[in-house]
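These are the structures in question, set out in turn.
Presented sequentially are two complexes of subunit A, the first with subunit B as partner and the second with subunit C.
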Partner chain A sequence: MAAAEGSGAGGTLFPGLADVSISQDIPVEGEITVPVGSHSPDEDFSTLDEPVKDTIMRDLKAVGKKFVHVMYPRKSSALLRDWDLWGPLVLCVSLALMLQGGSADSKDDGGPQFAEVFVIIWFGAVVITLNSKLLGGTISFFQSLCVLGYCVMPLTVAMLVCRLVLLAGAGTVSFIIRLIVVGAMFAWSTLASTAFLADSQPPNRKALVVYPIFLFYFVISWMILTFTPQ
Partner chain B sequence: MAAPGAAGGGRSGAPAAEWGGFEDNMQGGGSAVIDMENMDDTSGSSFEDMGEMHQRMKEEEEEEAEGEAGAGEEEDGEFLGMKGLRGQLGRQVADQMWQVGKRQASRAFSLYANIDILRPYFDVEPVQVRARLLESMIPVKMINFPQKIAGELYGPLMLVFTLVAILLHGMKTSDTIIREGTLMGTAIGTCFGYWLGVSSFMYFLAYLCNAQITMVQMLSLLGYGLFGHCITLFVTYNIHFHSLFYIFWLVVGGLSTLRMVAVLVSRTVGHTQRLILCGTLAALHMLFLLYLHFAYHKVVEGILDTLEGPNVPPFQRVARDIPVVSNAVLNTTAKAIALTL
Partner chain C sequence: MATADDLKFQEFDDAANLLAANPDATTISIDEPVEVPKNQHSHLQEPGREEDDELLGTDDSDKTEVLDRIKGSVFPVPGKNFVRLYIRSNPDLYGPFWICATLVFTIAVSGNLSNFFIHLGKPTYHYVPEFRKVSIAATTIYAYAWLVPLALWGFLMWRNSKVMNIVSYSFLEIVCVYGYSLFVYIPTAILWIIPQKVVRWVLMVFSLCLSGSVLVMTFWPAVRDDNRRVAVATVATILLLHALLAVGCLAYFFDAPELDISAPIIPAPIIPAHNGTTVITKSH
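For the complex of A and B:
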């Protein structure tokens, strides 16, 4: 450390500095919280030379593994440890694209629908994360965003199913089918994200964290259910 | 402050060596370069080593560690003795200003962007939240001594978001079309605008009327008052009867208004002040509920009139396919109940 050298040099050259005490435990700034970061210089070294296909496949496999975790929500920490936001981005964009054009009049808001969905998902996820942190949660900001984004996947599947059902017709039967499908997927999303997020809370406050998540997925489910194509 | 003291000391670089106060920290008859760095490091602890400056001393210790590291690197590279004195002095001044500015900025950032400021307001249990929700509908009787208001922000925040969700549902089922904006943006803007804006306005009025209430308490009070709004709108957006809405408006809205008014009255002295505060709050609260109910019907009625002329019966809603089943069921149920009663 330069500080130690300075005081060492001060001992011989500058006698006045000998008794200047400098605390050795200088707080280190910057994030070393993610253990993966410590590997990254080595990985960057070796991954520069690999073909692009390998890089892409590795990322795709990581994203796919997380999708599987969402489909079968077990309490594994893989989703939390290696968080990434690719999956949420893809899901959010695809959901927003599918929800576009569901307005009553065709002459306005084809655009705002996309922005609406995008903003709702990300803004809602940020608010839930802040809320869970303020309630004393131990999960980090991006980990929480990652979990909430990935748990939108059942609702994206529900949107696909709804669109297909609506292709067949828009009557009472199709409404009931859509209601059942969206309801089931909504419950799945909420349970999946609760399985990951509620563990990081003190035990008596789980309900306080679950309610905003419930509201968030409820709003998205409502947008999916009330979607009618042009 | 350490900076002007150090700058003042550094300007008189050579004579500074004779100051007794710094004797033990001098580096011998070197250049002012080293003196300034030194002064920056230790003048904090010499000048400000008083009882109440303990906090600053701790910070100065951290900074002097940084400064020492910087000084060590710099003096290795730039030690020119008396020759490049002016250039080095200028550089050192600029460097010091930069470091002071950086320190202040990071201190301000860690002070204001610290999420832990809000943490005490979220320290609640689910039981407490439920109790407060129910209490928000029960007017208190004792207005002779100040009623306790919990300064909590979790409940109000969740209620505002719930109101946003209910509003969105209402707008969708009444086919509201918002030009120049989005449905969600309007809903969020309305609800948060009401909560924050009216709270600030009422806090300002309370300040004028000498009421004993803090901003957080005002936010909390108004937020919990939105519970009545949520219930009313949830019911009346699904069952479309105007008379039902008026009943709910009076009863539910009135109860929550009475509660807020009673709490405020208990905290204000003087009849005029009480009247002003409570009248304003009651008016804003009830009018907001009225606005939320009617604002989104008007759009539909206006569009219907232009599209189909005056043949359309007044309170009809152009529903999408979703509420066809549920609306019909609910309406016939409500009609049947009204007939039997």
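For the complex of A and C:
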């Protein structure tokens, strides 16, 4: 090829291709398809157009499904994947409301105020989430908040039971019943949240993550157990 | 003529450890930044986590290391410096933060329980959860665990600019020492539920000795080279504040156990006073 450059008076650049000719009549055939991304159901119709009842029911069903996951804590990722904070909000508000109406004869030494319960639950959950993230956890911030909030549900049930038991009487027997119920629910809460959260940690730091969760639910259980009506 | 051995590069130990062998020698140490070794375990780490890990050290800052540091604060070895021995330029914030949190709730819960048991038999007693005391306990203990180290660190920096000190600590190391030294108060607070004055004071002195000795052994080498009076005053202030915390917690959160709980209150007969008012005296 190099030798050909020197020869050739015509100065063609690609002498080897000089013999190739393309007929002008060959039709171009083929198919060009653009792969379409899979339609999610929302793209067929925008969720803005659906009736409000459908929107609410969808969210309510998601919340209800998460409650069931907390009651039977298997290692499922549904709780983690689609986080929402409605459930924790409802639980926190109902727990804080049920803790009102306690002994409020003296303004200083009473049970926790509504704001105190709220702050303890949310601030405690945020601190635990930050702690597990600093320890190298792979779970995201809101997922962790979601799990910790939903796992307050057994303790809310315990509070309900305690209030019913206290309606019957406030003696030693009722205290023992309350102690057993709160203790069992505390163990359930801690185990349920540990089942979801501890797996996202490297193995040598699991205990460091579980202890704050234990402390958090212990404080909430203490608030529930020491609730005394007027 | 120098032999081959004399010309070989020699590794010198940390200045503080050299001094332990020969306390009167003077050495100068140049602090070089300690490299935090990256993860030695095989799991992947996101690049953004390195800063977080530096707060907690390496992957070695796991359960065993925290437990070792707690053990070192409860069983102080005389002569060994807590910071040099356990922290080794690797302070973590997990221990101080969660020890303080546990201490806050332990004191509040134990105080509440002890008051409940002390006043149990009385007919006029109505149990209250005393939730306000939790916020007071939290403010006090977190302020102590963070503001006192800040003040101490500032003071040590100021003295370091005047006197060439061999041992100097970073702020996080001081916070770490204070946090871990508070650990011994957790079982003490639980045992303070026992409503006997003697028991409580014995416990207080014992825990004060343990945690105080950790602090003294940490900070004495840092101020030792200073003016004698300044050094002694510094260490005395550290101990005084520590004792104040313990005594304050005992006095505020735990009601004084009465001397004779079981003796019934005998109402004395009403003695009519001369001017017509009645005086009732109680004896117990």
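By definition in this document, the second predicted complex is superposed on the first by the 177 of 230 C-alpha atoms of A that agree within 3 Å, B and C clash if a C-alpha of one lies under 4 Å from a C-alpha of the other, contacts with A are read in each partner's own complex, and residues count from 1 in each chain.
Assume a residue touches a chain if its C-beta (ideal position, glycine included) is under 8 Å from a C-beta of that chain, and two chains touch if they have at least 3 such contacts.
Note that this is a predicted model, so its numbers are computed, not measured.
S.K.: Mind telling me which of the two, subunit B or subunit C, contacts the most residues of subunit A?
M.R.: B
S.K.: Considering only the touch criterion stated at the top, classify A:Thr226 as touching first (subunit B), second (subunit C), both, or neither.
M.R.: A:Thr226 contacts both subunit B and subunit C.
S.K.: Does the superposition put A:Gly87 against subunit B (first), subunit C (second), both, or neither?
M.R.: The answer is neither, since A:Gly87 touches no partner chain.
S.K.: Which partner does A:Leu134 reach: the first (subunit B), the second (subunit C), both, or neither?
M.R.: Touch status of A:Leu134: both partners.
S.K.: Quick check for you: in the superposed arrangement, does A:Leu208 touch first (subunit B), second (subunit C), both or neither?
M.R.: So A:Leu208 meets both subunit B and subunit C here.
S.K.: Considering only the touch criterion stated at the top, classify A:Ala115 as touching first (subunit B), second (subunit C), both, or neither.
M.R.: A:Ala115 contacts subunit B only, not subunit C.
S.K.: Do subunit B and subunit C land on any of the same subunit A residues, and which?
M.R.: 103, 105, 108-109, 112-113, 116, 131, 133-136, 204-205, 207-208, 211-212, 215, 218-219, 222, 226, 228
S.K.: Mind pulling up the subunit A residues that touch subunit B in the complex?
M.R.: That would be residues 1-3, 5-7, 9-10, 13-14, 16-17, 19-20, 22-23, 26-27, 103-105, 108-109, 112-113, 115-116, 119-120, 127, 130-131, 133-136, 170-172, 175, 204-205, 207-208, 211-212, 215, 218-219, 222, 225-226, 228 of subunit A.
S.K.: Mind pulling up the subunit C residues that touch subunit A in the complex?
M.R.: Touching subunit A: residues 41, 43, 45, 49, 52-53, 55-56, 59, 62-64, 66, 94, 97-98, 101-102, 105, 109, 112, 126-133, 135 of subunit C.
S.K.: Once bound in the complex, which stretches of subunit B touch subunit A?
M.R.: On the subunit B side, the touching residues are 23-28, 41-42, 61-62, 64-66, 68-69, 71-73, 115, 118-119, 121-122, 124-126, 129, 154, 157-158, 161-162, 165, 168-169, 172-173, 175, 177-179, 181-185, 320-322, 324-325.
S.K.: Under the stated contact criterion, what part of subunit A meets subunit C in this complex?
M.R.: Those residues of subunit A that touch subunit C are 102-103, 105-106, 108-113, 116, 131, 133-136, 202, 204-208, 211-212, 215, 218-219, 222-223, 226-228.
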